[in-house]
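In the two assemblies presented below, chain A is common to both, partnered first by chain B and then by chain C.
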Partner chain A sequence: MLLLPKFDYEEPKSLPEALAMLSELKGNGKVIAGGTDLLVNMKKGTVKPAFLVSLRKVEGLREIGGENGGLAIGSHATVSEIADSDRVGSMFPVLARSASCLGSPLIRNRATIGGNIVTARPAADLPPALIVLGAYVELKGKDANRTIPLDGFFTGPGTSVIESGEVLTRIILPSAPPFTGGDYIKIGHRAALEIAIAAAASRLTLDKPDGVIVDARVVLSAVAPTAIHAASAEKALIGQRPSEELFAKAAALAEGDCSPITDMRGGAEYRRDMVNTLVKRTLLKAFNDARDMKGGNA
Partner chain B sequence: MKAYNVINTRLPRVDGRAKATGDARYAADLSMPGMLYGAMLQSPLAHAKILNIDTSAAKRLPGVRDVVTWKEAGLVKYGVSPARYDEQVFCSDKVRYVGDEVAAVAAIDLETAMEAVSLIKVDYEELPVLLDIGSAMAEGAIAIHEDFPGNISAEVHQEFGNFEEALKECHIVRTDTFTNKRQDGGFLEPQACLARYDLNGNLTLWSSTQSVHYVQRSVAMVLGIPVGKVRVVKPYVGGGFGPKAAVNAMELAACLMSRRTGKPVKMVFSREQVFLHSRARHQFTHELTTGVKKDGTIFALRNVCHLDGGAYSSFGIATIYYAGSLLGAPYKLPNMKYDGYRIYTNKPTCGAQRGHGGVAARAGWEQQLDIIAAELGMDPVEFRLKNMMQTGDVTCNDFNMSSLGMKECLEGVRDGSNWGAKKGKLPKGKGIGVACGFFVSGAGYPIYRSETFHSTATIRLTEDGGGVNLYTASAEIGQGSDTILGQIAAEALGVSLDDVRVHSGDTDFGVDLGAYSSRQTLMSGHAVKMAAEDTKRKVLEALSEQLNVPVEEMDIARGVIVFKKDKPDFSRLRTLYIKEHRGWADQPSGAELTFREAARVAFITGGVIIGNGAYKPGELGGKYKGAAVGTSPAYGCSAQVVEVTVDEETGKVTIDAMTDAHDCGFAINRTNVEGQMQGSLSMGLGEALFEEVRFDEKGRVANASLGEYRIPTALDMPNVKTIIIESDEPNGPFGAKEVGEGAIMPTIPAILNAIYDAVGVRINELPITSERLFAAMKEKRKK
Partner chain C sequence: MKKLITFTVNEMGYEVAVAPNKTLTQVLRDDLDLLGTKEGCGVGDCGACTVIMDGKPVNSCLVLAVQADGSTIKTIEGVARGDSLHPVQETFVEMGAIQCGFCTPGMVLSATSLLEKNPHPTEHEVREALSGNLCRCTGYQKIVEAVQEASRRMKG
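Up next, the complex of A and B:
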């Protein structure tokens, strides 16, 4: 039987109190949100924090609210709250779709958007969608706050630019330009409880319904140490008139942008082939939504 | 058909409330004052000599109460088949797989026990590791067991009819190779136990097991305790599927440490330990050569099978026989030749799992039959119907089809799925496939050679018959046997299910070989029916004396006495009963003499009313070597149609619909029969699409968790249309036979055949992952 190691548990009542506590603990403390990743790793013995700091009593960290025409999502909003939110569904359906693919219905009830970001798993479901949406993350420390793009936040499997003592408080999604659409598709074995074999998120912005592509974002997941841009695919799309041929060309280029490995979930060759399929399919859906402005603007 | 009151209904399960509310207690929930917690040291190496074991540091750790190795446990060999006892409680000379048990600790809490385990130092000398059949069978390969050179744990050679001669008459002869992957049982409840050796030298073991009887015998033999002093009790069990059908080293270690310390000792497997203990489905490789005549008559089959057995034998001897004997049927096949080899490797031991021995063979063969049907230009359903056995047929290996509703099953799924409108008419990417299956309804012989009854049952009435206590050692493991046996008792005695209290899973209640080889309904059902009839007879005999009515002119049904001729005046008995129960609210009234009144009379005149039943199968066919594996008092059969969608750009298979028909002889509980059918399909779907235990190069299980070993989730299950076929089995209680395992047989090949129909590729290796199917389609496009 796997046993949870002994640890102390704190529930500070305000953010300043929490930040002071974390600063004092100097790396011996870890923030626990849903615990779906942390508690499993503690049982396995791969992380051994002496203190767990829960922010469940800190107000405002679960809110999903409007911000400058876009959205701000509290880091402790659960994945099921995001998947089920009408506001998220209408403004950023790509995010709702990626949230509805994460784990299982039970895990989604516990897991949080903040946890899915700070654990920095290469196959995490929310980051690819958030990156194509141009999300920012708000990081608060005892003495300083900063808001930085999520794009560039990850530095490797399990690592990011977040510093010890910093807490991710909000995820900010800027409003999308007109004639924008997107999609997220994940490939796993089962219908639930899956870590992606490969996944892709795409977003296209047109200058007008039957116009050219003015902005293209293609982010791939589980095919590199972190979620990455398919940079050559993006480059090939910008300034072009959308077509199935163009998307096929971009998909082929995306295969070259990734560096998949063979592991227990899938082989490198299959993952590369799936990048092609996923990029093609997400671009087609993104284009259709951008042209029709169906179901929101991203 | 005769009308029944309790059976053939949809009564809710007797354990439903307890399980739905969390009130049910499983072995891991048990606790006792002064209880110690046990933990085991298991080998980190797949093959190594043990040079030295140093337990001194572990013994010194505060809180540790006992540390045991082979020196304390002894060197008694045990296992499943007496001819292959090849296990010890703890390894003495060498370890044979990662997870082989080396030592155990009992301590005041689990943390201390686990820390003590980490303090045991073992010096090993590494030996060559044999992880697959090829390396284990290679010339000069090290013997994993000294007594078995060449690492052949068992081999079987059988021929019925004359295969070579038969081929000369065949129009189509084709050979295909098929392989599945090693499975995990995937039950939700990891094994757990609590052992208590009391001051009088009586040992009680509560354990998550499928067979209290086999565990009782093994504990008595290995620990040298008289069998009468060993009691094994099965609390609620969260699934078994085969791996829990024999004793495990943890149970023996807990008993040993309880005897040594005088304290109760509790031990629980982690999920990883479930994978290490394994005893689940083997990896089978079948080379199948089938000969068919021009008119579509299946005429000859050659089956060569290799099993990757793992480090010990477990149920594997039976497995290697079943892998041959369960083919042929349900088709008429006069010529069958089988060569089977089970090979030792340095991996966890494989054993029995739902559909024991037959699932991979069935998958490969039913796919091959589909290929042959296509070559003949015959519809797969027509081809199967043409070759189908029927009631009264006997197979070439002497299995007697005392009932066989196979034709009805096949026609049922054909019509139920609207096969005719779909086969060959679906758009590309969508497909439909069919397959048949067949299984024993209880192994005809115990696993040790014996004349023992397979099941006994006792019914003891409470003093007024208001409570009917049924005692059986049978194993309710989630499959529903408590409900089924309660229904049989109620029907045969003439009362309602609510009146029956089922006490099961305890060696003090009798002998029952347990829940394996789909035996509980037929075998235990017979014993319970006999016990209920015996009880009824005793009550009616007592009543007969009081009322002067011959026993033959009375019966009991719906809780009242049925007088077949004139109803006698029973007012004296009623008055007596009412006087005895003055002030009670539930006095009998009305025109009928109640069972309670009759049972009260029987008690007052004769003491406690006890009825007994005991069953073992009658004479079974087959005199050849190995005939004991596969002969059964009855055989269940089934057919399935599966409809799939294949995403050609990802290889992803979606099961859209399943239509399943199963001949269970007679449905004691219709909802439960459907539950077993659905559960079998889910398990077959998992084996077909997802499941595979994987190893790293050192023989460690690489996916020993339910995160990376994928059993189907609720969201992966399609809607299933279930069709119950009832062929009225003459050798079954009320005509009933198995549904627990046979229903899994057609699932995998029906999926394979549907995939072929959808995209035109044949897959000869399970699981059919998206990646494997995508690669096969890519290969086909290249050609």
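Up next, the complex of A and C:
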């Protein structure tokens, strides 16, 4: 049986209390949300925090609510709450889709959106969808708060710009422009309990239903140290009239934008091939949704 | 330092002093003597440790007992009513959905939890709801059939 090392544990009732605690603990304290990542790492001995600060009793961190026509999601909302939320499903189906393919139903009932972001795994499911949606993350520290784009938050596998005394409190999704559609596809060896071999999220915005592409976002996951933009694919799409040929061209360019590795989950060449397929498919779905939708919807 | 936690397990209230590094699986088995909850992998992959926590099935090997303070837990011991088995348990027994039995508590809890939310699931929905529970013996087919049969019996 895998045992957990010894540590102390507190459940502050408010955010200021949690922030004061983390600041006092300096680097020795770690936030625990759902624990589905942290406890596995602690059991395997890769992290050994002396003190865990649980956010479960901090008020207001689980709300999913409207904000300026978009959505604000508390960092402690669980992945299943996001996957099942009607609000998320109707406003940002790409996010709901990525949430419903994370782990298993059992994991989703504990895993939080905040944990999925801060853990900064290269293959994490929510970040690609959140990045194409233009998400911002709200970080609060004892003395300062900042709200920054999620795009640029990650610095490498397992690392990001968050500081040890900071807590991720909310994820903010700006409202989508009209004629916008998106998609997220992940491939693994099986449908559940599988870290992505490769994944892609795309979002397209048209100027009118039969118009040209005015905004294109293509984000790839598990094929580089962090989720990355397929920048040359995005560039090739903007200003163009959507077509299958255009999407095939963008997909081929996306292959060159990634830097996959070979590991036990898949070979680099296979991953590159899959990037091509996933980008093509997500763009087609994004285009169909963008064309069919009158209002903003991603 | 140990912490005092209060929680409800199978409709009984408990107060237990637990070390922060004990998982819910450990406390259910070692302190409460509820040996129906199994530990397989210990890292969220197999579902043998499944319990229902505040209405939702979770991997109890990845829940700290201190995180269960104030919560309501159902384990496999709380599924039957006295001597009468839950329809899911009945069909598992009758239809050969149990071989070694190690996965069974978790399978039954995930299945009963599905049927509460969705009384008439499709085969796909059954497979999806059980996708966090691994079985090394049955090949799943009989488990899926047992859940579908239980759903039919619960209708009438």
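Quick notes
Convention: the second predicted complex is superposed on the first by the 295 of 298 C-alpha atoms of A that agree within 3 Å, B and C clash if a C-alpha of one lies under 4 Å from a C-alpha of the other, contacts with A are read in each partner's own complex, and residues count from 1 in each chain.
One rule holds in what follows: a residue touches a chain if its C-beta (ideal position, glycine included) is under 8 Å from a C-beta of that chain, and two chains touch if they have at least 3 such contacts.
Here the structure is a predicted model, which is why all the values come from computation and not from measurement.
After superposition onto chain A, the partners chain B and chain C occupy overlapping space and clash.
Once the two complexes are overlaid on the shared chain, A:52 sits against chain C while remaining clear of chain B. Of the two partner chains, chain C is the only one that A:36 touches; chain B does not reach it.
Residue contacts after overlaying the shared chain place A:273 against chain B, while chain C stays out of touching range. Counting the residues of chain A touched by each of chain B and chain C gives the higher count for C. By the touch criterion defined above, A:103 reaches chain C but does not reach chain B. Shared-chain residue A:210: touches no atom of chain B or chain C.
In the superposed model, A:80 lies in contact with chain C only, and not with chain B. Look at A:2: by the touch rule set out above, it reaches both chain B and chain C.
Look at A:264: by the touch rule set out above, it reaches chain B but stays clear of chain C. When both complexes are aligned on chain A, the segment of chain C among 19-27, 91-99 or 145-153 whose C-alpha atoms clash with chain B is 91-99. In the superposition on chain A, the residues of chain A contacted by chain B and by chain C overlap at 1-3, 104, 191-193. Taken together, the chain A residues at the contact with chain C in this complex read 1-9, 11, 32, 34-36, 39-40, 43-44, 52, 54, 56, 80, 103-107, 109-110, 191-193. Interface residues of chain A facing chain B in the complex, by the touch rule stated above, are 1-3, 104, 187, 189-193, 195, 197, 264-267, 270, 273-274, 277, 281.
By the touch criterion stated above, chain C contacts chain A in their complex at residues 1, 3, 19-23, 39, 42-45, 47, 50, 53, 56-59, 62-64, 66-67, 69, 110, 128-129, 131-133.
By the touch criterion given at the top, residues 110-111, 114, 190, 268-271, 649-650, 652, 689-690, 694, 702-703, 707-708, 710, 712-713, 715-716, 769-771, 774-775, 778 of chain B touch chain A in their complex.
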